[in-house]
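Both of the next two complexes hold subunit A, though its partner changes from subunit B to subunit C.
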Partner chain A sequence: MTDEHFSGVGAFILYAVTTAMMIFIMAPLLLVMAVSVSDSYFVTFPPQGFTLKWYAKVLQDRDFLEAMRLSILLALGTTAGSLLLGVPAAFALVRGNFFGVAAIKGFLLSPLIFPALVTGLALLQVLAKLGSQDARLNLLIGHVVVTSPYVIRTVVTSLQLVDENLEDAARTLGANRLTTFWRVTLPQIASGVAAGGLFAFMVSFDNYPVTMWLANSEYSPVPLVLMRQLVNVFDPSVPAMSTIIILMAMVGVLVLEKLVGLRRALAA
Partner chain B sequence: MKSSEVRLDRLCKEYNRTVAVDDVSLTIEPGHMVALLGPSGCGKTTCLRMIAGLIRPTSGDVFVNDKKMTDVPVHRRNVGMLFQNYALFPHLTVEENIAFGLEMRGIAKAEAARKVAAALSLVQLSNFGKRYPAQLSGGQQQRVALGRALVIEPAMLLLDEPLGALDKGLRESMQVELRALQRRLGLTTIMVTHDQDEALTMADKIVVMRDGKLEQVGSATEIYQRPASKFVAQFIGASNLFEGKVEARNGNGAVIRVSEHLKLEVDQVPASAADVMVSIRPEAIIVEQAGERSAAEQPNAVAARIDQVVYRGFVSHYYLKTASGEQLIVFEQNQSQQSGLRYAVGQDVVARWTTPSNHLIARH
Partner chain C sequence: MTTSDDVVAVLSTQPETRKGSRWRLRLSVVMLAIPMLAFLSYFFFYPALALLFSSLLTQNSQGIIGRPFTLAHFMRLVDVDLYARVFWTTLRISLITSALATVLAYPVALVMVKSRPLVTRIITLIVIAPLVVSVVVRGYGWQLILTNGPKGMLNWILMTLHIVDGPVSILYTEKAVVIGSLHVFFPMMVLPLASALGKIDPNLEDAARMLGAPWWKVFLRVTLPLSMPGFVAGFTLVFSLTAGSFVIPAILGGASAVMLGNLIEQQIFVVYDWPFGAAIAVVLVGVVFAVNGLSMWLLEGRRLRRST
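Showing the complex of A and B:
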């Protein structure tokens, strides 16, 4: 696209609206980052002075580091779990030609529609009934339930764009169904799988409503620790923790963009 | 390359009670090229995919060299297949695409590389091995697909409208090229097309399909000159079709009355004395100036008026109307030395043709 398409009053309005949107989305994040370096005992804006001492404090905080470790492992496990369930499910939904495909699709995507709070409570009751006591396992199950629809959605979208003839061609050339999926289909949907995986990781990492029901005092992921800290002492260590999470997410997105062209998948 | 005989035995395919392929039996001789021809939805592609093993027949069997293949999964059938949209793997280079089938067969790297190089040279793309499919033109992509299908030394080659996406000129040169290559390799080939010219150009045997059934099987000349049904007569080329009653019959022919002004002499004996149908190809009819010879009461001749003329370069199409209202279409080759058209709209003429041009159609 060349500049000449963007000139005159139309272009001015477009740029103005875009800028306003960017500010609307970015401002809270920038604000959080700004106050995280404030040299004061409470969160104040504008930040006073400049210090990295809150980062130093946070990175020595055993509770926070423990929560980070738990959250990262949980998010990784959730990503793996929702990919393992979501990719085959998406494949069946797109390629399968069985009775009730549409109904099953709606059902599998339903956690996106129901309030997570309700899903969390329902899970708590079911898991309690089943006698599942391990908070880590319960969290993993809960998070996979919440995140699988994201994986299914992105993978379904990218699978629909894959020419089925490619798979047929591979099979006539001597590849069985599994090899065909691995060697031909998966490379075509890599960006969709990566996008779904990233969603799963991030949704798991900052999920509060489901986590709240399933965590216990021993195993508290980052969102709960953050919330607790916020209620107790609202000092700049909370924004510092938040900033660390924001930076982590940014690095994740950039790496995936480099690897598989995430933008393309999200655009689809 | 060893040629295979392919035999379809009472092949049927139903989808939710709609019959896509209905009781198709067919033998394809080793080394032959057969075209499954028909309008879309006639079941030709379903047939091809059942031969490939991509679709399981509802009933009936596919035999290759008398070995039953119906239960053999597609990846063990050793078929080379070309698709309309080429179906090249976009994430692999040309070389990797061609090597895919060899890799699946566990062929050693060095041996595979040698075969890939040979395949590339066979399809005249030796310098394109490192490119990706998106960097090639449509014609080049189809050559890669051909190389990829041939390198595995398939038992047969299956073509699913392979040239449909190419523009006309390239399609015609690819038709000739593909046919020559197929002959040279002696590879049993089955192609699906809705393009009658493609079928006539390329196939040893044409299988006309309609509504899941075989309509007629025969060589290009048989199908064109002796269409078995009204459908075939109209689908392949253009036809003048006349319905009439048998007026007289002798030992090896009959006279058929179409109307007051038109009667036809055929050299076939009609099965029934009742209504019959006759097809005459437009190029078999000769147009003469009116008054040269009268057409009255002569068989295979009728007085008519030129209704419309279409000049198509090397041929002209004349649309004629007789006094009793029949319409005739006549193709006449234009002579390079002649200036202008031979007949003008509104001119009175006589249309005349020979007895062998009248072909009695068995099924209406």
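Showing the complex of A and C:
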């Protein structure tokens, strides 16, 4: 399709609004990045000079580095957990045409429409009653609850595209079910599994509404530490931290785009 | 599975075992869902019910929660002016944000769907990329832009261009929360809209145009009605997510735009009033479910199709 679809006043409005929204979307992120290299002791606009000293400060900040380590390990654990639960469940949803499959799918996806803030609070109440004191374990459980439905969505979509004739061929030629899954099915759904896993990682890394209930002062992931810094620190080390997080997210987005295409990954 | 079993059956010399093995196979496929079902039942479904239950209990002065059952916490949300105001603020902010998102997302989604592949790709990337950046970072970016006083970016620009004489104050108002929420949830509106618009047969629009309809009439009579499913899905998402937010009102709203999420946090972490915190959470879930139920009702019955 070409742009000739739009013409005259209609086209002008469309492009004006679209351009304005692109600026609206980019502005806060670009501003944060610009301020992070400002050579001033307070965050001000316009930024002054150029320095990387705030990055040096952030990279020596024990709290931030500890939080980074915790967040990355937590996101890795969450990814593993949600793949282990989500991939087999997605397989059951697509292949097991049993009674009530729609209801089960609805149940497995329900954390997506439930306010995450309430999910976290409810979980905190139950974990507290159980006496589960380890914040790391609690965070892992909470994050898997929130991320496993994403795995279901991406894997179900890619499973529906699998050509079952190939599996039949493998079976006819004498491969057992496990070999068939490993050598024939899995390669076909690999991009969906990878997208689900990457999604789980990113959602876990950024999660605030569940994390805020389950973290404690000893184990605080990055978003919580950043939130605390916003209130207490006024030098450009906060934008420097934020820029590091923005850049990490951009890498994730580009990988996702390469793997499956963004629209497909999200619309699944 | 059917085909493979058929092939096996043809090759097999003992057809009577086939039925049993297929039944077993189907059962074993079902079993694959059990770990996740069990996990979510115990760590999601049960906790949600337990929370609902504790919103009906009483907390004594020692902080112990138990019987008698009461609806007092829900009544408090209605009766105490301060809390009722938080409820209405939440609804107002969510509604304004979703309405604004709709109006602004239509042009973006249209351009996204109908442009050259390169333009589509760039717009998609710009719309989606911020989605994976922490909400805290995005709220912080808006705090920097909207900072009250001459040091904020917006005020600096407005004053440098002599649009205003003195700095405007937007930060720590409902407006700031709407702006921040719009930024955070805008992609949730654009994506369903773009997918709905992409499914519209371009011939319908071309036909209307060839029959002499001006662009706005083509949009109002053809494009808009046919994109309704995307609109309803996007509106529901943006509304539900905004209603359940915590970070954006905490950073941008200050004391004058407290939302339900902030009130829950305060009741649990500051006041330690678990039953009341649980009651507010139940109300929040009720609001979100009501909106989702309405949207499902609209989408399923195809009640959106115009009869004309």
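We adopt the following convention: the second predicted complex is superposed on the first by the 228 of 268 C-alpha atoms of A that agree within 3 Å, B and C clash if a C-alpha of one lies under 4 Å from a C-alpha of the other, contacts with A are read in each partner's own complex, and residues count from 1 in each chain.
Everything below uses one rule, namely that a contact is a pair of C-beta atoms (placed from the backbone, for glycine too) under 8 Å apart; a residue touches a chain by one contact, two chains touch by 3 or more.
As the structure is a computational prediction, the values presented were derived from the model and not from experiment.
**Student:** Examine A:25 and indicate which partner it touches, taking first as subunit B and second as subunit C; both and neither are also allowed.
**Tutor:** Second partner only.
**Student:** Touching A:214, do we find subunit B (first), subunit C (second), both, or neither?
**Tutor:** After superposition on chain A, A:214 lies in contact with neither partner.
**Student:** Per the contact definition in the header, classify A:179: touching subunit B only (first), subunit C only (second), both, or neither.
**Tutor:** After superposition on chain A, A:179 lies in contact with subunit B alone.
**Student:** On the A-aligned overlay, A:125 touches which partner chain: subunit B = first, subunit C = second, or both, or neither?
**Tutor:** Only subunit C is touched by A:125; subunit B is not.
**Student:** Between subunit B and subunit C, which one contacts more residues of subunit A in the superposed model?
**Tutor:** Looking at subunit B versus subunit C, the one contacting more residues of subunit A is C.
**Student:** According to the stated criteria, A:188 is in contact with first (subunit B), second (subunit C), both, or neither; which is it?
**Tutor:** first
**Student:** State whether A:257 touches subunit B only (first), subunit C only (second), both chains, or neither.
**Tutor:** After superposition on chain A, A:257 lies in contact with subunit C alone.
**Student:** Based on the superposed arrangement, let me know which partner A:165 touches: subunit B (first), subunit C (second), both, or neither?
**Tutor:** both
**Student:** Per the definitions at the top, what is the overlap between the subunit A residues touching subunit B and those touching subunit C?
**Tutor:** Correct list for subunit A: 165, 168, 171-172.
**Student:** Where on subunit A is subunit C touching in the complex?
**Tutor:** The contact residues of subunit A facing subunit C are 1-3, 5-11, 13-15, 17-18, 21-22, 24-29, 31-32, 35, 43-46, 84-86, 88-89, 91-93, 95-98, 104, 107-108, 110-111, 113-119, 121-123, 125-126, 141-142, 144-145, 148, 152, 164-165, 167-168, 171-172, 202, 205-206, 208-209, 212-213, 222-223, 226-227, 230, 238-239, 242, 245-246, 249-250, 252-253, 257, 262-263, 266-267.
**Student:** Taking the touch rule as given, give the residues of subunit B at its contact with subunit A in the complex, in rising order.
**Tutor:** So the residues of subunit B touching subunit A come out as 52-54, 73-81, 83-85, 87-91, 100-101, 104-105, 145, 148-149, 152, 158.
**Student:** With touch defined as at the start, can you tell me which subunit C residues reach subunit A in the complex?
**Tutor:** Spelled out, the residues of subunit C in touch with subunit A are 1, 3-4, 7-8, 11, 26, 29-33, 35-37, 39-40, 43-48, 50-51, 54, 104, 107-108, 110-111, 114-116, 123-138, 140-145, 147, 151-153, 156, 183, 186-187, 191, 194-195, 202, 205, 215-216, 219, 240, 243-247, 250-251, 261, 264-265, 268, 274, 277-278, 281, 284-285, 288, 292.
**Student:** Would you tell me which residues of subunit A are touching subunit B in their complex?
**Tutor:** So the residues of subunit A in touch with subunit B come to 163, 165-166, 168-176, 179, 183-184, 187-188.
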